[in-house]
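Below are structures written as structure tokens.
Two complexes are shown next, each including chain A; its partner changes from chain B in the first to chain C in the second.
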Partner chain A sequence: MGARAGRAVAAVWLGVVVTLIYLPMLSVLLASLANTRYMRFPHRVWTLDAYREALFGVGQADTLRLHQTSLAIALAVVVLAVAIAVFGALAFARARWRGRGLFRTLVMLPIFFPQPVLGLALLLALTAAGITPDWRTAVFAHLVWIAPIVTLVISIRLYGYDAAQEEAAFDLGATRLQVFREVTLPALAPGIVSGALFGFLLSWSNLPLSVFTTGADTTLPEWLFSRTATNYSPLVPAVAVIATAASAVIVAAVAVIWRLAGPRRG
Partner chain B sequence: MMRARGWLAALPMLTLLAAGFAAPIAIVAVTSLMPPRTFSLTGALALSNYLAAFTEGYWRPLMWSALGALATTAICLVLAWPTANALMRLGGRVATLVAILIALPIFISESVRLFGLSLFLMPGGGILAGTLNELFGIRIGSILNTRLAALIGLVYIHFPFVLFPLMLGLGLVPRDQVEAARDLGASGWQLFREIEAPLAAPGAAIGAMLCFVLALGANAEAAILGGRAVTVATQAIEQRFSYAQDWPQGAALTMLLVLITALVVIPLLRRVDLDRLIGR
Partner chain C sequence: MTAGQDGRAFLVLDGLTRRFSGRPAVDGVSLSIPEGEFFTIVGPSGSGKSTLIRMLAGLERPDAGRILLRGADITAMPANRRPTCMVFQSLALFSHRSVGENIAFALKMRGVDAATRRARALELMELVRLPADYLDRPVTQCSGGERQRVALARALASDPEILFFDEPLSAIDYRLRKILEMEMKDLHARTGKTFLYITHSLEEAMVMSDRIAIMRAGRIVQIGPPREIYARPNSRFVAEFMGEVNVFAVRGGRIEGLDRPAAAQSGFLILRPEALRPLGPADHADVSFPARIETGYLLGSRSQLHLSALGRRLVAELPGAAAAELRPGQEGRWGFDLADAVVTPE
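Right, the complex of A and B next:
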């Protein structure tokens, strides 16, 4: 097979894969443009009624509350996960210490663990401890899974980082705190930003941990999950589209701000 | 000094893992040994819940979860290998863009994606059936609410988790070595067996393990796409916890899943060299 033909086959295969991956999401978008409770595609009437209802009509209170809950959880998770992960990454990728191998295996464990099982285990543990689950316990549950992932993301950055810079700063008489603030942290900044974005998106979209650990509070993915089974209306896909768009807007905003205001690397 | 710093830096994460990972599993382990339908943590230890897991029909959801996870892993590997190769072959900006397009959905909620898949597969007025009927007058049935639909959902959700570790692994295969073998007349199958497969094995193993473990605990696929056709392990556990109020039985089933996960994950995590795979 010639190189040309090989590339053509590769391009067609990838086209098929990407199309199949996006068809279900396109389906959500299409379903949101109907005005009937029972979907009969193609719609007789194409309308944005469901969006109007979700944003300004009877669905407004729900939409707002769900977004607030998901946002509160995601922001708390990002702040705490990054704080834990910056140090975790130093221990993971930089410092030479005796427990390092074991530490790395331990950090990987929650990532290589079925999330619903973790959620159920946390639910049982919370019940045993007499703690009533609400959005704060969900923050804790998300952290157990997301802090290790953010640690990995920052670690990847650390692998490509030259430790000699720190030593040079020490030689020039900087204190340990100064080195951390002036040398290590700026060098890690891109890793921290991408880690924070990862953490935000993973928390925002998480279903399996939230289902078991939010108690009476409801996140967006949970609400969508319950409404796909019962009480379907075009409002459901409309809220799905709004929630996905909201996370995209937040990420794009952070990326733009980082581009404009972030430190320049020389 | 470096040694002390390593410990200190690891401390917050270790505390989180102790409180949020080790402790809950330990509590589940103790609960699983309590007499059925009790709420205490101090009863006489008993293995009856584990026996019941196999005698009272709970093996069925466990079996479906294990079979589903195995099938998902196999299908994802078969689909991811040519995809990873195609991305390598294409190279450059286009390949990066395609890789990003494949990765993006990881950040879109499972509920949204599976919901979309169910809208797509829905009978009658579903996106696929409705489109075919409108354009070509073809009426098709639907696989929604079958085990096959749940399996398709599992593959759909877990595909990127196999693809990207596999790409990391294939990235370790030196291109000139492949070219050299090809120049020397190696066939596609020989290339795969003699060069790519052994060198890409760590990435493939990580991807396959991640996929198996995540699919083993997955429940949304069966709930949204499988209808009542199948009950998977985590659904069975949830039923024990909620409707049946039988926490010890649910805990025993949970521990069986934890055990399978540990048997798959720990040996592999100890063997694969992370520095080599992600550091480079």
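Right, the complex of A and C next:
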């Protein structure tokens, strides 16, 4: 009896949580199918006008440019963050050296900074250095926050990794470069893929850092925010849905390629 | 230390020393190992065995001393250029590779083509008794014993002049370990290579080795064939390392507690449990005394007894049959012959 009641409570709780998480997302989809700037459900008219406008109409240039900017930033962030993270993770998860704890703390600290504060700080620093912010400075800002997270994701992978494998390879005649290519990198690959996906999504959806550091360039989240605040129309949720679909396609493509890449796993 | 039995200097260690933050982990070790020997270094955990073998493999730099192979100084040669190979304590198999890819790794690094690598991997698998259909199996799906064989085959693939082993059997259960010990000895005989083996188990060393060195706190304290180490330990440390023994202090030329003259001025009299025996009314022994049996354990074919005698505790070991009528609480005369005891200087 008690167990059954407990299960019922758990089911209700789960239902509430799922509804709270997914209903707002659903409402974005519903809003994008309206022809009015006033939110009222159910709509009197259901229409794809907003999508037509975003993809083929007056909004096309906006949609394309926003995606290009966000994509350029996200891709640059992923490539740089992974490169930094691989060596960062190796440095603090594997080798024992003096100052390792301090290094770890310094690398991880930006994660705990409120992002708007970090963004403001970076903007002030850029201004002081006489650098005009644009999408490239946003790449730098994103990196400050995302590279530590990717480092963390990859080093979790390294904790279950027997570093003696590298010594064994070296002992079996491999050069330092061969050891890295044949042993370290394949062992890290799953961590690199998940770290890269994670980094991509974090950059793709970032608002607080971008607001301060993109200058004249505009990313998708920035545009969604400013257009919702001042000049709302169903074009806004339509672009939001398109952006979500675009990132979902990219993530799914990477996942599929990773699956097909070979039987190597573990 | 002196050179090996026949004096051929194949592998020579000359005053090898390695310090970690000032404290020596290996402290001036000199050894000479002839070609083809199965040489084992035994010592408790932390005695510096791994550090020593890692210096020989080229994975650790000595702070002082030299390593000579066939007379050539290889002290500064990195591991990937040394004609030696090591089997690690963790085995360190490449977890994302198959059995065959693990075994043929050294050949791949030398640029040997795939077909030749495969053929050689199969040969080596036969040598270490791995079924041929394991070739493409991921190593993560192999059992402990199979992984052991993969590690052995992988080390042999580079055709090293010396194989190093750093406690490879320590994580394996007793029964399988006994089998693998015999296989290791057999493999040594068939390949004719020099094996330098490390273990903390003297029992394991006794089974496999031509010669044994006992290591303690970074130094070699005794070196010799297994039988000699067993029969004539040169210190209380070596004697106790081999199992439970009865130790009597020797001071001023007398054995304390027995009140008899000893063969040395000071040191210890070491008495193995099997040297103690119960005495019947007609039996004679060099040393005899009344004793009371406190506890008894059956160890398979033998029995171990704890005795109260001479105001202390003694350990005795008897064949199962001889111990059949002995019960805890029984009192009687026990004794031993001095020829069965060893006096060590320290």
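As a convention for this text, the second predicted complex is superposed on the first by the 255 of 266 C-alpha atoms of A that agree within 3 Å, B and C clash if a C-alpha of one lies under 4 Å from a C-alpha of the other, contacts with A are read in each partner's own complex, and residues count from 1 in each chain.
The rule is simple: a contact is a pair of C-beta atoms (placed from the backbone, for glycine too) under 8 Å apart; a residue touches a chain by one contact, two chains touch by 3 or more.
This one's a predicted model, so the numbers in the text were calculated from it and none came from an experiment.
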| item | value |
| --- | --- |
| Combined model on chain A where chain B meets chain C, clash or fit | fit |
| Greater chain A contact set [chain C / chain B] | B |
| Superposed arrangement, angle subtended at the Cα centre of chain A by chain B and chain C, nearest 10 degrees | 90 |
| Closest approach of chain C to chain B (Cα atoms, Å) | 9 |
| Residues of chain A touching chain C in the complex | 161-162, 164-165, 167-175, 178, 182-183, 186-187, 264-266 |
| Of chain A, residues touching chain B in the complex | 6-7, 9-11, 13-14, 17-18, 21-28, 30-31, 38-42, 83-85, 87-88, 90-93, 95-100, 103-118, 120-125, 127-128, 140-141, 143-144, 147-148, 151-152, 155-156, 159, 201-202, 204-208, 212, 220-222, 224-225, 228-229, 236-237, 240, 243-244, 247 |
| Sites on chain B touched by chain A in the complex | 2-3, 5-14, 16-17, 20-21, 23-25, 27-28, 31, 41, 79, 82-83, 85-87, 89-90, 98, 101-102, 105, 107-120, 122, 124-127, 129-131, 134, 156, 159, 209-210, 213-214, 216-220, 223-224, 234, 237-238, 241, 247, 250-251, 254, 257-258, 261, 265-266, 269-270, 274-275, 278-280 |
| Residue ranges of chain C in contact with chain A within the complex | 57-59, 78-81, 84-86, 88-90, 92-97, 105-106, 108-110, 138, 140, 154-155, 157-158 |
